[in-house]
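What follows is a pair of complexes built around chain A, which joins chain B in one and chain C in the other.
And then the complex of A and B:
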């Protein structure tokens, strides 16, 4: 009994340490973006606490730079990546869930091949092809390229969700008169919606803060991460911080909304169940 | 007697998983209105047989004929066979009504018609009150009724049930069996169900097929399975106690049920090994001189090792493990 409570406290301590490590950079980001520069960047040892709040950084960032177009481009690309990824990953995961489990797991490992090589290595040949196809700087080109990285993980997650559905439910649907495709889209997809939501969220987020493809495939009409990069290279660190804060907000909001779906089950399910 | 109509016929049905033969050249005819049980120990292909019949699994060879029509190559939705899975396989994202209405919706029936049919089915199974309930909030017995209702709204040619009673409490199980029989009588439909428990076949079935290693050892009424099992394997498998055997000659055995023997007198003897109380009746498990285990009805527990005399009123003769004849002793 005593040992149990001690373990519990220990767990809280460890969790807190991990949380602080992860949250600290984000905290500094918000600190820099909301403070006048003389309290942060201009000091050698800046205060770790927020003493003076200002929106000046945001105002200058949002007025000096064209913010709206990159934001819409980022949103368009992110939603397109989410949609493209699901459109491929759902049928792919369904197919894999019907296969011999070992073979399916092996295929999933191979799907992750693209994620093993640096994005740059893939981005350069792809952009060469896209220039030839007249897709340079377009939303669809960037979305297609980013989907390369999101599809394997999405397939893996949705595969886990499909495997968790009892086989007999699908068999029953077939006995009740459904064809294969209808079973997949009207019965299994709703049943796997938690896993699909997670897959969509992760794909959306991956695209939202993706940089390498964005800077190579779409440098003239950039997305938000590219704008941040341009700001940093131009030396306007404070504006970059403001932009970065703006980028983080939808990420935080989405994660909070969808966190009830993000259970370990859907992330490990591909290998168990 | 009027010739009964064949509802489903299996011809030379064979199914293999890899090298393992699960269903071995099965031939079977089931007649209209039968309540047919497929009985066998686990892992003998009972469920596989149902799955092949309904079309979820493909047979490697042979054919399935329903109402005179070969359905072997048809997908499950074209076979007009309903199946209730062991897990009941209710759709968790729909309520009771949605589950029962589902096959009708798939068939694109109009709304009022669906409502009427669902209500009729629910009434027949006594689940009218829970139509609006969520699947997760109803009991095992109710789940089974929902699954049955969903099966029967389609008016299928026949019903297949996989271990229909195994997920129920022991107390509900008994009434569920009677209700299944009543349902059969009401609908006049053909039911086939699979079970590993012979007690679930004794009262309600028209016939029982005993499946062993992918083959039917015997297809008969339960009474005949008990009295004249066609092989020593069936004799061993059927009954609260396996049939007792003693040697007659080198390849012949004498088999008898406990109640066919009279203990206390007679020329044969056996040594008591254990007393076994089953219900109200005491049984003596004995060992004969040549090492066979036999079961006798005894009125009271006796000391282990007691020598018991017995004689037989009735017995079966088996040659090479196959039934030859039954002998009544005058």
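And then the complex of A and C:
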């Protein structure tokens, strides 16, 4: 019994130490963005503790920089990525759910393989194509590229949701004379809405954070992550902190909401078993 | 519009848009990029001159740095990943709060984590050194040489990427039957022995997946080094981007991207092949 309490005690110590390490960088980000610079960036060895709170950094970032345009660009791209991903992934997941399971899994693995091609390897050739097509710096071009990251995962998640729906429901609808497309969009899609919502939000989040495609395909009309990068290279570190905090707030909210869906089995793309 | 459900190929029509999309946006540009990398910018003839030219611009050190960074970052991620997965595989009060904290960095944008770590590890002073000074430790120059720079980058990178590794490993751990552990406990095997004789061998699939996903992502590490220390020491990605943004033709950047692709794929093949060999050995 004594050994058990000691083990439990050790568990909490290890868990807390790791938790402190993981929370520390976020703490520093918010410390810097909410403190006057004389306590943070101007100090060679800044204090670890928050002593003065200010919104001055946010005000300076939002007034000195055109914040609205990148914010809208980021939002537009993120929503478009979510929509594009669902538009393609829902039918694909439905098709896969109708197939023999082995073949379906093989196709899912193939989709994830496409995910493994380095973004730079794709971004540079398609930047040339998009310039030719007059789509450089456009919302649609960036969304098309970023959806590469989200399509396979979304298809996989929605496939799981479709497989969980009892076959009888669909068969009954077919017997009643419903067409395939109607069955899919008016019957099955509402039943799979939890999985579809998770797929949408994860896609949204991926696009909101994405940098490599954004910096190459949309450097002149940047998204928020690119604006942070531009601020850093220009040396406007306070503004960068404010922007970084602004980007992170929806991310933290979404991560907390989605945490029970962010599972190892999803992330590994069903490549096991 | 009605399809006959019995038709053998009807599911394929639903998957077709996705396949077309992947081929058009991923495979086709990757293929043309690699194809172009083997052609001469001036004459358009088949050549390897773009690659030999790269060797004069620090290609080899970029390769070595990328490999060191990948290996080191994977070591840190898997160490912490196993610690976190072991913690979360147990039931205890407050587990869900700890789980939320461990998962938070997963969603944070790479640019944001890179910026935050540039405050923690700046060229002089900074938050890490101010923390060390509380314990009376002398200030460290995080970028004193190429290896130190790579080490700092590994630390910064692992923060954001460990949660993914931990979650995949946790998924692997939770499918191991608990009876195996009970039997080992009866046999008197300690926790470390249990880890190496039961946990690890029973989750090789998950370890392989985590290795492939993270390993390839590690070869592609881009925003973090760019923000932390710029173009020197060079990595394959920053070298590629440097060529892309400074040279007028795309040939050098494509050649450099091709090498990146080759290394990422080579890594994945080695992992899969090794897994096969171990599997064959066990069988």
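Note that the second predicted complex is superposed on the first by the 227 of 273 C-alpha atoms of A that agree within 3 Å, B and C clash if a C-alpha of one lies under 4 Å from a C-alpha of the other, contacts with A are read in each partner's own complex, and residues count from 1 in each chain.
As a working rule, a residue touches a chain if its C-beta (ideal position, glycine included) is under 8 Å from a C-beta of that chain, and two chains touch if they have at least 3 such contacts.
The shown structure was predicted, so the numbers you read here are calculated from the model rather than taken from an experiment.
Contacts of A:190 after superposition: chain B is touched, whereas chain C is not reached. Looking at the shared chain after the overlay, A:48 reaches chain C, while chain B stays out of its contact range. Of the two partner chains, both chain B and chain C are touched by A:179. Put chain B and chain C next to each other and count what each touches on chain A; the higher total goes to C.
In the superposition on chain A, A:76 makes contact with neither chain B nor chain C.
In the superposition on chain A, A:98 makes contact with chain C only, while chain B stays out of contact range.
Within chain A, the residues touched by chain B in the first complex and by chain C in the second are 174, 179. Within the complex formed with chain B, the chain A residues making contact are 166, 168-169, 171-179, 182, 187, 190-191.
Residues 1-3, 5, 10-15, 17-18, 21-22, 25-27, 29-30, 32-34, 36, 80, 83-84, 87, 90, 92, 94, 98-113, 115-120, 124-127, 129-131, 133-134, 139, 159, 164, 167-172, 205-206, 209-210, 212-213, 216, 219-220, 222-223, 226-227, 237, 240-241, 244, 250, 253-254, 257-258, 260-261, 264-265, 268 of chain C are the ones that touch chain A when the two sit in their complex. Across the complex, chain A meets chain C through its residues 8, 11-12, 14-15, 18-19, 22-26, 28-29, 32, 40-41, 43-48, 88-89, 91-92, 94-96, 98-99, 107, 111, 114, 116-122, 124-126, 128-129, 144-145, 147-148, 151, 155, 174, 179-181, 205, 208-212, 215-216, 225-226, 228-229, 232, 237, 240-241, 244, 247-248, 251-252, 254-256, 259, 262-265, 267-269, 271-273.
Here chain B touches chain A in the complex through residues 51, 54-56, 75-77, 81-83, 85-87, 89, 91-93, 102-103, 106-107, 150, 154, going by the rule given at the top.
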